[in-house]
Amino acid sequence: MLKRVDVRYTVNPEDISIKNPIFIEGLPGIGHVGKLVADHLVKELKTEKIVEIYSHHFPPQVMVKDDGTISIPKNEIYAYKSEGESPDLLILVGDFQSISNEGHFELVNTYIDIAKKFNTKRIFTLGGYGIGKLVEEPYVLGAANKKELVEELKQYGVKFEEGEPGGGIIGASGLLLGVAMLEGIDAASLMGVTSGYMVDPKSAKAVLEVLMKILKLEVSLEALNERAKEMEKLIAQIKELQESTMQQWKGEEDLRYFR
Amino acid sequence: MLKRVDVRYTVNPEDISIKNPIFIEGLPGIGHVGKLVADHLVKELKTEKIVEIYSHHFPPQVMVKDDGTISIPKNEIYAYKSEGESPDLLILVGDFQSISNEGHFELVNTYIDIAKKFNTKRIFTLGGYGIGKLVEEPYVLGAANKKELVEELKQYGVKFEEGEPGGGIIGASGLLLGVAMLEGIDAASLMGVTSGYMVDPKSAKAVLEVLMKILKLEVSLEALNERAKEMEKLIAQIKELQESTMQQWKGEEDLRYFR
Amino acid sequence: MLKRVDVRYTVNPEDISIKNPIFIEGLPGIGHVGKLVADHLVKELKTEKIVEIYSHHFPPQVMVKDDGTISIPKNEIYAYKSEGESPDLLILVGDFQSISNEGHFELVNTYIDIAKKFNTKRIFTLGGYGIGKLVEEPYVLGAANKKELVEELKQYGVKFEEGEPGGGIIGASGLLLGVAMLEGIDAASLMGVTSGYMVDPKSAKAVLEVLMKILKLEVSLEALNERAKEMEKLIAQIKELQESTMQQWKGEEDLRYFR
Amino acid sequence: MLKRVDVRYTVNPEDISIKNPIFIEGLPGIGHVGKLVADHLVKELKTEKIVEIYSHHFPPQVMVKDDGTISIPKNEIYAYKSEGESPDLLILVGDFQSISNEGHFELVNTYIDIAKKFNTKRIFTLGGYGIGKLVEEPYVLGAANKKELVEELKQYGVKFEEGEPGGGIIGASGLLLGVAMLEGIDAASLMGVTSGYMVDPKSAKAVLEVLMKILKLEVSLEALNERAKEMEKLIAQIKELQESTMQQWKGEEDLRYFR
């Protein structure tokens, strides 16, 4: 049975030795900047998957992989046990965000629960900030749930511009900051400015560089372009196929009413 | 964890010394007349915030303030301890109403619960009544959940016109009257006639003047025009930015399905 | 507090002396045929209101009456204690049906609960069957949840035509038949053929005449035309006003997101 | 009372003597391929209905049969007790899939519960894969929740093509594979390639032939064409009528708000 929000540890929580980890969120969103950075971290660092999250708020479907096996929509949390100067990390990645409004709240409650279980004192949510035109020199726009954190982030080159982002921060990246605030956890959003029209590795690089400075972390950026290209190709392909499938499924909607 | 409707007292309820307060609602709505009046009261009177209400029925996002910190959608209740002839007040203000139909009912249930907790015997909901053209001399249209209250309000110049408002009263301003009726609490809606096209300080002034007479309350009207202008500017700006953000987010919807 | 489906007896159930009543449903629907017939019965017969049903599945608004007082969306059940040959009746009328899909199921569950509480053995649901063109000689189309009932109704002139209504019976009128079937209660739908373009007193008359024969009931038809005209006028007026209000409310939607 | 998902055994579960059955799903979907195959199996084999499933997630309506009686939307499970070489079967058929996203998850949870109750070790979900053009030689595309199953199915001529179906598998056919995977049950989807424009008996035949080989089952294919034609006729007729009914119901929506 799959619960509305279904948290499954893939490792015994007691065997996870990370301490006071920083929680990093990189789910799909504008320009896939956040997802690109978080996926990159998971692959470049020596991480271990510790949690899978399934939910009725994800789309009711499965994806088919190249080898003919399927995967069901999920979010995943990876743990990184630092061997150097950087803090330990929990990295939240996934295929989807909630497709319902209420679902966002239920999922963010769950993320916060897990962060608290591991004694997380700080959260970074990663995303893109689309400005609708090409960006030559991407930079990182910030927002935080505490004044001191704003000041701290400015020292790392994060920009805070009056009235930006004007429309607020929608989805998990935003809500996590809000709910964390109510729970007394520091949290900030790092948004790479991007056109919003495509997967943007330059914007991701800007976010990653800031994040590395903040976390005192060393990660190779080499694979980032490659990864973005793959993601772009996959998206184009999937979009095309998805549209045709969706259209058929929609066309079939009357027929679903057929007895 | 944020509950579906999450009531958080910012003051120990036992330390709140108001007696038999009148409950006033001024959430966003047509012409923002109600919000303008209620926000004005909160600022002009010596009020204290006593409750914050969060909810899964508000939009799943946070807003970013000018200093780079965020705020999460919420409603707030302020208490006013009268020092003069007027009754004590509870004033409900907020950024949002429910974005789902069912959410309106759950939130109104909560407002009524709080009103009852403080022994409220009368509720006024404030709003605008849009007529789709400019209004030279705005007046206040009324509706009440009790015949006697209709008669009483007429004496303060509130108009009751047959068949108006024909479409009923939608959202919290309306439902509060209905649920209060079932709970035996007197309630009336005071609706400033307005074009409905912009934030309308003239209409708000009309509502405020009636309300002051009813409540035997003195409040300076000076800042009202200024406040309306600020609100108008903010709305214009936010609307523009919001639309672009929304469009991007919508454009990204297929991508959210990307694994 | 208003529950999701909130049943309130206006009379002590133990004081209601009806026996094995027939349950009649006449909520708003195609051509308002069912509503017209049921409202007519409630007014022409010596009925007593025994139950009010409120619900989160009705629209979140109140209606304003001509005297300035409001009413909140509800369904009502009236009891008719027969003094003649006819059986006792429970008549379900109301302003609205559920505005959500799931709500229909929850409300119908409630109607069936109440019917069972009073030992109802038979249900008639009243409605219109729209054919998209003017109907000179309206007749009554039937559907039932039991073969024997089909045969019985044929004797009263109710038509059963293969493949009609092809689209099934949508909403409370249909679901009541289905859920009653699972509960072992006989139930049939009587649908007056109508254009579907307006409130149709001729179609209502056809349904009423059949119903009177079935129930051995005498009711004056005189007021039916008058009632339909009033209903038509009200609908036209409300529709116009509602559209303008709705448009404004919709136009305000961005603003609801304004903090 | 009808529960959100309401499972009703029509036979005492203890009297059902099947052993380790294969679970087969054939609900409405693209080209109605899955429904056609599953309905065919139910009729050609000596099956017994053992379960009816009702749900708030099905459309709130009833269908009217040719004899004037109604049926309420439901899914059904039939048991087949093998007399030959083949395994025992549980066959899931029905009029509808969930009309809400969340409903798909709740219903699939229920299907899996029932499969587990009977000790099912393997599930096949049947469907169509629409390619938007006529298919001369339909074949069967597969997807499975386990690598070994992919290999096994290839031996029966099931095709696994990289990137197909690109859009994933939507609805019960897909989710069943995903939830089964989490429960440790082998499951595969067999999708007949089809245009997607009509009920496709050729595609159904392709699926049925593969399924018969896998299950070591003998079923006459004779009636398949006939059955598809009937289904096609019914769909055309229902679609036409449904559209007109729907339009009327939609047109009535304002009126539903009429008091």
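First chain written, first letter: the chains are A, B, C and D, and each begins at residue 1.
The working rule: a residue touches a chain if its C-beta (ideal position, glycine included) is under 8 Å from a C-beta of that chain, and two chains touch if they have at least 3 such contacts.
Keep in mind the model is a prediction, meaning the values are calculated, not measured.
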Relative orientation of copies chain C and chain D, as a Cα rotation angle in degrees, nearest 5: 90
Greatest separation from chain C - chain, by CA centre: A
Interface residue identity across copies chain A, chain D - same or different by half: different
Inter-chain centre distance, chain B versus chain C - centres from mean C-alpha coordinates, in Å: 35
Euclidean distance of C-alpha centroids - chain B vs chain D, Å: 50
Where chain B touches two or more other chains, by residue: 59, 63, 71, 73, 99, 238, 242-243
Residue ranges of chain C touching chain B (in the complex, touch as defined): 1-2, 4, 8, 54, 56-57, 59-64, 66-73, 99-100, 237-238, 240-246, 248-249, 251-252, 254-259
Chain A partner contacts - residues on chain D that touch it in the complex: 28-30, 32, 59, 63, 71, 73, 95-99, 101-102, 104-106, 108-109, 112-113, 130, 132, 142-147, 150, 160, 162-171, 174-175, 177-179, 181-182, 189, 196, 231, 234-235, 238-239, 242-243
